[in-house]
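The following pair of complexes shares a single chain, subunit A, combined with subunit B in the former and subunit C in the latter.
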Partner chain A sequence: MSYSTLNRLTPYIFLVPALVIMAIALIYPLGYMVYGSFRSWDPSQALPDTDFVGLANYISLWNDPNFHESLMVTLKFAFSVVSIEMVIGVGLALLLDRNLRGMSLLRTLFILPMMIAPVVVGLMWRYMYHPSVGIFNRSLEGMGLGSVDWLGQHALLSVVIADIWQWTPFIFILSLAALQSLPRSALEAARIDGATGWQQIIHIKLPLMMPVLIVTCLLRLIDAFKVLEVILVMTEGGPGLSTEILALRISRTATEFRELGVAAAMSNYLLMLLLLLTIMMLAYNKVLEVRAARARRIAEEGL
Partner chain B sequence: MPSIQLQQLTKLYGNLEVLHGIDLEMQDAEFTVLVGPSGCGKSTTLRMIAGLETVSSGEIFVDGKPISHLEPKDRDLAMVFQDYALYPHMNVAKNMSFALRLQKRPKKEINKKISEVAEMLGLTDYLHRKPAELSGGQRQRVAMGRALTRDSSTFLFDEPLSNLDAKLRTQMRAELAMMRKRVHKNMIYVTHDQIEAMTLADRIVVMSGGYIQQQGTPEHLFKHPINKFVAGFLGTPPMNFLKADISRQADRTVLAGPGFSLQCDNQATAKLANFSGSQVDLGIRPSDLIFDPAADSAESLQLHVELSEYIGAQSVLICDCAGEKIMVELKSDTPIALGEQLKFRINMADVHLFDPASEHALV
Partner chain C sequence: MLQKLKTLGLAVTVAACLGGQAMAGPYDEFAGTTLVVNFPAHPHYNAVMKILPEFTKETGIEVEVDQLPYLKMRERQTLELGQDEGDYDLIAYVVFSKADYVYADQLENLARYYMNPKLADPSYDADDLIDGYVYNIGFAGGNKGYLQGKTGSLFGIPYGSETSVLGYRKDIFEKHGLTVPETYEEMLDIACKIPELEPGMGGLSSRAASGHHASHAFLLHLAPLGGRVFDDAWNPIVNNEAGVQAANALKTIVECGPKGASSFGFGEALGSFLNGDTAMFLDTTVVAGQIDDPSKSKVVGKVGWAMHPMGTRRGSQTGGFGIGIPKNAEHKDAAFLLMQWLTSKKGDKLVALAGGNPSRFSTHEDAEVNAKFPHMKTFGEALQHADPDWRPIIPVWGKINADLGTTLSKVLTEDLDIQEALDGVAERTKAVMEDAGYYTWK
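Now for the complex of A and B:
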């Protein structure tokens, strides 16, 4: 091999280890899952021994009320946590985008929850929600307000609160970064033009942050659809199916119901949903790029 | 239009004082230019007037009323920024009408105002474009337009032309001067470019190191600089400085240094009567050196021409005078050659003298 060929191949050679890992850890299992989703598959069987059933797994899921219930819980969970997290996260960023003493410490404190392992978060909140010894009910009773059946009657609300606590910081740091990269002089111009604090937020800051906010929102949504550990630890999907999100149902279908083919089909439904969101995000970025390129072209040509 | 007065205006960043008690009065409808090298405090002064920087001590008065505690929006002023500071997500019309829309003025009035200003600045065809779709010069015009639609009593300009290329800058400078004639408002303009300052200003305020060095009309500052800094800062090519000793020979005062000995006329002799025996910095503008082969050595410099920078009608000669570099401006068709030893006559009335220690102008 000549020196120049080697030179040209260098970047690809560097990529090979990553590609190998991707193939083993991602592409292979993914292919396995897609293949398995078309078969009637019990955990005791090896995959080649299973029977091909066509789209039967997908069709039975489509008509399964429990799957619908699970999907609805997932959608409810994802959209409610993401919308509340967006409001609180962006709000905090707007409040903390200033130079005060101790602000860097405060910012670090705010992003701590994000760094805790989800299982730990789940355990922590489970103890806090504990009906008799948890801090919430103890406090409520101490104030004479009576206790709340957190993980029973209000299970979905409880897991939503825990997720908001953990993931608002993600939106907070991204919004804060977006805010701090806004053109300072445009904000100063707005102040001179007579904009009050609120008007600056509504007319200048939020519109300029929008590209970052949209991508953040989609990223968070993708993540929220995949949530598992926190809910697994806190409620195991109960009571009933009230907090059984898709990831949990998939794992239960595979282990408890011993229907690997159905579980694989369900995973594929979830995958399609996530792909849709990912494609939306990429498309949005593409639109922004095209728009910027068009603006540059007009600026250069159209004098 | 109100008069603006700065009284002992001081700015501290932490413990660092960057403005040391600025006193300045700007008359009604005057075009004031704050000029100086970077870091001299000119932009800080402007931003304090705008309300974008807090005042550490001292006060700003508009028509006698203190305003330093007011928000920018309550100060009745418009500002043009160096990087234009347009709102990237709004089109030109929206950019220009932002202030009026915040004031909830009637739509009709806003549209009328926008089309007036757009007409005046040649922006009518671009009203629906976003800032990213405009060239630098057009963006600059929109920034001006945004200030003009405001009807404020005072306009602030923070180095508005320094992001433009040289040709566009000259063109926009001329447009600004034209606009200045039509718009009778207070204008305060910050620049580091002394040509902008000279061409636009009613009053120039030369700043350096957080102090006002001198203020006055461009002509006054050019002809009577109060110190060496102002003398060297205004004028291109800059003033030449030579060290000289003052001595008395017969009834005349003589300024002598390595390679030259200039005899003062009666007027200068009288002025320098008390300085005999001391040293002085001699300042001569490049345009005040007149090529004259027949000149007497008592009223001329003998210079060795090292380099000629051809500009067009004029050329700048870089010459040597016993180790000191001297610049001379003269007509390009003057018949001279590099390497020649030439005589340049000096009119003593054009010579500036500075105290070498304090750098203040003598007499």
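Now for the complex of A and C:
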């Protein structure tokens, strides 16, 4: 091998360990799941002993009303929690982006919920929602208002509230970091030009925070599509299928129904959906960047 | 003289040797062996942990226990039993795992152990084991494939099994002059009278949450009301008159039950009874210990026990756990000895006294056990009617059970019409059974 060839190959040689680790840790399990999704696979069987069924698992899911319901519940849950969390999280960050006494303690307190294990969060909320001994109903009754059947009649709303409580701090902390790294010069210029607080938020802070907000939103969305423990503990997917999100259905399909092939196919549908969302959001970010670059260029040409 | 003494000495030595050999205990060969067993975190198995040192003391066989939450235990076993060499010598399995493990040829047929004179204890008295439990948890390959019968074999022994009984608040019943219900009609009537007589109190607390909770509660009523999930040709008949009656019974119980009853799992239903929020509790016998435990219960000494009320017939549930030897176990013979010891008359009594669920009729009648747990006699009577076929134990049951449970949850929370709901379940069940090959011979 000539010196120049070796020289050209050097960067790739350095990449080899990373590629090997990726192949073992990422590609192999993914491939295993994709391979399993084409087979009729019972947990008692080793994968090579199973029968090949082609696209049967995917087709049966496509025609399964329970899967459709689960998918709808997932979409409803994910989009509602992420939108509300984004509004509250960014709002709180804008509100608390100032030097007040005790602010660092307040910030630490704000992020506590996301540090608690999801199973504990689920249990905590389940008991707070308890029809007779839960704090919510006791308070409502104490105020002379009637009690509410939280996990019976308003199950989806109840799990949405619990998720918002747990994950808004995540948006808050990232938004606050984004806010604090904004160029002070732009904000100062705006202030000198007489921009009001709202104008600064709408025209300067939010547009400049946008790349971070998009990534934050994407991370939360991916997480919301996969949330399992809190809902499992709080409602087990019920009543009916009203809170049975896809991750829970996948888990039940694998463990209760013992249909690993179908569970793998369902995971692939979820993966494709998340992939699509990721591509869409990154593409949107790219469009924004291109548009900003164009505006900058025009502004520079105008000078 | 010396010669005589020498002969005598020799004779004594030989006799001692021969005698020693004849006296060798059945456990000697296995002394020093360490068995690894997999048990669930469950009140019965917590009691088992207390008696295992007694087994080791008596036999010299050490026991290492891997105790897991029962759903986790099932997952772990699915992985373990599929290996060529497994880690576990003895496992406790939940009843619906029987179908999966036996069908996958992962559990030892126990015949050859009971045929082995060196292992089988002649005083074991298998006839004393509770019939319903043995047929439900131990047998496979007989009637319908999952029950006893001429083609059936034994793959496990019930251990930590349970049936259903009615717990009722003696003080509330006495206060209002109510008689303990013997029939479904009486029970439903009292369940709906209680909230009127005792404002704020529910009639009967039952599981009702979506999924296996609601399904379990429905099936609990289906058998005594004369119903079944399938007929003899595997046609779903869950939507017949008895099925509708059972769903109606569940709906009435939830409507007359404590606040929020439609989202109750087993824990909440029991908690409500322990907290004094309901007057009756119709479920498993396994709760008796907690009801008498002042640290967990506000109704200590106030609860009476009665048989599961009858509809057109008696039929209480059978469930819980059994113990079996995995095909890939390392110390199968020693594992059998542990299994036999635990389920022997002596072991069964020991575990009952430690707070476990006995598997033998004789233990339920034992004076010492009854002196400590007075409810044991009623439980023993209820066991005469334990129905091993109250729910099917077939590999596709998980899927059917989930559908039944979520549909019934819709009946309870969304006012879905009962007949329409059960017709839907029957139709979907038929499709599942068709896919699984149950109509191949039609």
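We take it that the second predicted complex is superposed on the first by the 248 of 303 C-alpha atoms of A that agree within 3 Å, B and C clash if a C-alpha of one lies under 4 Å from a C-alpha of the other, contacts with A are read in each partner's own complex, and residues count from 1 in each chain.
Heads up, the rule we're going with is that contacts are C-beta pairs under 8 Å (C-beta built on N, C-alpha and C of every residue); 3 or more make two chains touch, one makes a residue touch a chain.
Every value quoted in this text rests on a predicted model; they were computed, and no experiment measured them.
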* If you stack the two complexes on chain A, which partner ends up touching A:S132: first (subunit B), second (subunit C), both, or neither? -> second
* Is A:G237 contacted by the first partner subunit B, the second partner subunit C, both or neither? -> second
* Asked: With both structures placed on chain A, which of the two partners, subunit B or subunit C, ends up touching more residues of subunit A?
  -> C
* Looking at the overlay, what does A:S147 touch: subunit B (first), subunit C (second), both, or neither? -> second
* Asked: After superposition on the shared chain, which partner residues are touched by A:S185: those of subunit B (first), subunit C (second), both, or neither?
  -> first
* To do: Using the touch definition from the top, say if A:P207 reaches subunit B (first), subunit C (second), both or neither.
  => first
* Once the shared chain is lined up, is A:A292 touching subunit B (first), subunit C (second), both, or neither of them? -> first
* Asked: Same subunit A residues contacting subunit B and subunit C, which ones?
  -> none
* Asked: In their complex, what parts of subunit B are in touch with subunit A?
  -> 50-52, 71-73, 77-79, 81-89, 98-99, 102-103, 129-130, 132-135, 138, 146, 150
* Contact residues on subunit A for subunit C in the complex? -> 42-46, 66, 130-133, 137, 147, 149-153, 155, 235-242, 244, 252, 255-259
* Taking the complex as given, what residues does subunit A use to touch subunit B? -> 183, 185-186, 188-196, 199, 203-204, 207-208, 292, 294-296, 298-300, 302-303
* Once bound in the complex, which stretches of subunit C touch subunit A? -> 71, 74-75, 78, 81-82, 100-101, 103-104, 106, 209-214, 258-263, 265, 268, 272, 275, 277, 395-396, 398-399, 401-403, 406-407, 409-410, 412-414
